[in-house]
Amino acid sequence: MKDVVGFIGLGNMGLPMAGRLIDAGYSLRVYNRTAAKAEALRARGATVVSRPADVAEPGAMVVSMLADDAAVERVVSGDDGVLQRLGAGGIHLSMSTIAPATAGRLAEQHHRTGAVYLAAPVFGRPEAAEAGKLWIILAGPAAAKNRVQEVLAVLGQGNFDFGENPERANVVKLAGNFMIASAMEAMAEAFTLAEKHGVGREEVAQMFGQTLFPCPVYQNYGKAIAEYRHQPAGFKMSLGLKDLDLVLATAAAGTVPMPLASLLYNRFMTGVAKQRGDIDWSGIALSVSEDAGMA
Amino acid sequence: MKDVVGFIGLGNMGLPMAGRLIDAGYSLRVYNRTAAKAEALRARGATVVSRPADVAEPGAMVVSMLADDAAVERVVSGDDGVLQRLGAGGIHLSMSTIAPATAGRLAEQHHRTGAVYLAAPVFGRPEAAEAGKLWIILAGPAAAKNRVQEVLAVLGQGNFDFGENPERANVVKLAGNFMIASAMEAMAEAFTLAEKHGVGREEVAQMFGQTLFPCPVYQNYGKAIAEYRHQPAGFKMSLGLKDLDLVLATAAAGTVPMPLASLLYNRFMTGVAKQRGDIDWSGIALSVSEDAGMA
Amino acid sequence: MKDVVGFIGLGNMGLPMAGRLIDAGYSLRVYNRTAAKAEALRARGATVVSRPADVAEPGAMVVSMLADDAAVERVVSGDDGVLQRLGAGGIHLSMSTIAPATAGRLAEQHHRTGAVYLAAPVFGRPEAAEAGKLWIILAGPAAAKNRVQEVLAVLGQGNFDFGENPERANVVKLAGNFMIASAMEAMAEAFTLAEKHGVGREEVAQMFGQTLFPCPVYQNYGKAIAEYRHQPAGFKMSLGLKDLDLVLATAAAGTVPMPLASLLYNRFMTGVAKQRGDIDWSGIALSVSEDAGMA
Amino acid sequence: MKDVVGFIGLGNMGLPMAGRLIDAGYSLRVYNRTAAKAEALRARGATVVSRPADVAEPGAMVVSMLADDAAVERVVSGDDGVLQRLGAGGIHLSMSTIAPATAGRLAEQHHRTGAVYLAAPVFGRPEAAEAGKLWIILAGPAAAKNRVQEVLAVLGQGNFDFGENPERANVVKLAGNFMIASAMEAMAEAFTLAEKHGVGREEVAQMFGQTLFPCPVYQNYGKAIAEYRHQPAGFKMSLGLKDLDLVLATAAAGTVPMPLASLLYNRFMTGVAKQRGDIDWSGIALSVSEDAGMA
């Protein structure tokens, strides 16, 4: 019989991740702000609780997968927060995409209670979460990292250890989202150039996905950008803006000028200003085409 | 016994390509401006000639692989040019990276003499040329494209047909170079962000090459950028500037604003201004780091 | 005999402003964090106090001129803050350059104590403060604006009323600093273009200052940029970075993409990264020249 | 009685300039491609001719004011061109805005015939031409510059001598147009920032025109941009694109990265792509507002 694991956050990513842990034999205590989403897991044997603190047991492990910095801080602190119960020897495996500075602050708070904060943001869409094919970026104290290996093996296809400082995992995660967005902008401009010269967008997307860029980011976003298919949103434009804002804030903290990140930031801002905050972030391609007179 | 094929341009790319054709059984007549480079091929059975026109036979095929627009125009036109002899039924398979507008003009000139101009720029570095693993972007009249398939099969691992208009192959080629340069800028900014926050550049490059971007462009340039290893130059910074200049000129012809291309253009310009025109074009990463105070 | 006025902040701007008020017949109570700076004013009749709260009298007026948001918040709130004493009918004429959002929050705090917060940021360098030639951007409740006219007449050559909402004065002030920085970038690029083509920077700066742009921003910064004379700093590079950061944050709050502001932000970031945070913000011209290979 | 002067180009600028020369007592021979425009001048005593060459007399002076490089080259060269007649001692005062490289080439051609090419591009709109208030940027051989002073005094309020090399006058002229466009972009972004925060565009334009930027470029374009009044065009968007293209080409010749010029180039390109090539170039403000969601 495996350990009891607490799990917080049952959104598009968290729900399939929690499901995999149940299938792998873990006893799960789950919490979600919108309680209804937990019912499917109750049917599969999870214990559903009504306060974040109640997923924790002294010295045990809690996994969280939430939308943003504020959500993570909410479930950690306060009278209902997991830090009320986690205590010495407890581990919080924090898998959300948040600011490095927030991760640093949270690690400090955990440390004061004897618990350990592990930063473990992931790359992968909901399908990858479902299949246990996430890539996991890990940082925090070594002993705790050893203790979570089994859980990570259930959730991901590999994890990368970036040392003891949890902020670093979040820096790397933001760097990755920035690189994906850069690839989207490059494709949008390249395909528009091609189209204006009589070459079909889809034809060129397909060719590059087989030749220079045979990797899912180019293949999948390339197809979406070629077809202007930005709904339903896998990852919203408004979240793209939030992430680029985090990238620039992190860059500022390190005094790093990132002109390409600034360009992308303005693209996402334009998308949100044009009422496209809820479509997929690949929708920045629409502005590229509009600026070329293709309304 | 296979056909006689003319071959012009024995640089880093052309030399291994010509070698493959000899190995495949073609009788080659070769021309190179610097004659010495042709000697190795003479030893392998090629006929070495001293004027571009002499590689051509009426109605036969000529392949060219040259550095820039001017070089291609030089071997085509004039008293010594291949158009003096190629004539009706002749095919010029033009594999250099040149401006679409130049390709259009050349196609016109060939047409007036009864010959056919096929645009067939390639993706791939000298190693890929050696191994016959180029990706070939093809455009021109259908009958001619059929006639060159056997030759293309010797040189590349696949070819992509972009229709009858030769300009389009060059548009696609330029779009590809732009996308590669975009990936380099994204990596340079991302790695610098990571480094300033204590994450090793090589570590992050390696991780992305295995996860989000498992494709050679990211793996190879990622390693070079992580290590600031920009010599020897596979493709010179000054040629990167030339290509981005062609991208922007082609964009202007189609009225396409390409802000990311403009950003890259200025990066290459800065590199050339800083006396780095002869290092590899991935050397734009040096400016990214310098702007972040890492001299 | 004129009113008693409280004055907080005796830096490069505040000191000459307080001096003018004394000369105009006001009784000043002054506070400065570094007490020594107040001595010159004590000799001219000012009462020097040791806590911000002590410059205030119930229902009277307090003027503040400080370096940043944090400094203003510090003198306002807390046990020693002016809001402890200012009370109903009191006016805080806040002349610092701060974020509109901070101004909004401060106005709210004042309102809860019955006092009025007037935003009154200024354009002008220390010489203009000395000469009473500041331009004052004013926003807040109408009655309070009427009560401060006499004081404003001592400090400035004109004031512009932007309505009841104090945030707006700070938006306008930030917009102005952004426009000044834009003019500096334009001049730096233009002069470098000229220089590389054999035209003297100073010659071209002087010509534009007499013809197209006969206004002090172009004349004074133009001369500094032409001569690469960025010390002593009238306004530090690091403050330029801070202001552009505020511009972009304010733009984000209004969902306004500002690509030129992003460009300037990266310029100032580069300057700070290159250890130039303490030279004048016109020093961004150094990076423009360096990027053109003029070390 | 004053000299006979040849005059070519009777557009918005040329017509009032020619008129002033007549009023000042010069005998004018005029040529315009569209002959009808010359009739008003015939009525005032000018001799109207039907070929460019016919405005010239051996050793005399010809003034030209034309739309672009091609137009200037057309009236100079060929069987009908002024160089057929101008000859030794003749002066061509060329006042159009053209590429420095074109000016260099033209100077060479003139030199071969014994004539002198003086570059004398101007700043000023048609009203300034009417009033003799142009600013004239002058470069070329000293003796010729002396001979044209009297004519320049009729046309402008001042001229600036940039030495012997005619290319330099055109570099300076392009630098000026770039600086004007930069000011327009800065205003468009600043006013949009203000508007989104509840501050009226016109109010803020007026304030800046009286305080920080009391010069016509800011006052006039500021008013137009505040009011979105871009018709009729004083200077067309498509000409703005052409000029920024010349700026970037000139920058490339000197290896000068100009990121702000690139930003403006893309703005004008976007304007032309959106079918706004014929409105005033200040119309780039429309894209700034559209990107902020203000359709």
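For reference, chains read A, B, C and D in written order, and residue numbers begin at 1 within each chain.
Everything that follows uses one rule, which is that contacts are C-beta pairs under 8 Å (C-beta built on N, C-alpha and C of every residue); 3 or more make two chains touch, one makes a residue touch a chain.
Just so it is clear, the model here is predicted, and its values are computed rather than measured.
Participant: Considering only mean CA positions as chain centres, point out the chain farthest from chain D.
Facilitator: Chain centre farthest from chain D's centre: A.
Participant: On C-alpha atoms alone, could you tell me the rotation angle mapping chain A onto chain D? Nearest 5 degrees is fine.
Facilitator: Fitting chain A to chain D on C-alpha atoms yields 180 degrees.
Participant: With contacts counted as defined, which of the two, C-D or B-D, has more C-beta pairs across the interface?
Facilitator: Looking at contacts between chains, C-D has the larger number.
Participant: Between chain A and chain D, what distance separates the C-alpha centroids? Give it in angstrom.
Facilitator: Distance between chain centres: 54 Å.
Participant: Indicate the whole-number Å distance between the mean C-alpha point of chain B and the mean C-alpha point of chain D.
Facilitator: Going by mean C-alpha positions, chain B sits 41 Å from chain D.
Participant: Scan chain C for residues touching two or more other chains and write them down.
Facilitator: Chain C, residues with two or more chain partners: 251, 255-259, 263, 266, 269-270, 272-273, 291-293.
Participant: Can you tell me which positions in chain D touch chain B when the two form their complex?
Facilitator: It comes out as residues 245, 251-252, 255-259, 262-263, 265-267, 269-270, 272-273.
Participant: In the complex formed with chain D, which residues of chain A make contact?
Facilitator: 259, 266, 270, 272-275, 287, 291-293
Participant: So in the complex, which bits of chain A are touching chain B?
Facilitator: Residues 100, 123, 135, 137, 158, 160, 162-163, 165, 167-168, 171-172, 174-176, 178-180, 182-183, 185-187, 189-194, 196-199, 203-204, 207-208, 210-215, 217-218, 247, 250-251, 253-261, 263, 291-293 of chain A touch chain B in their complex.
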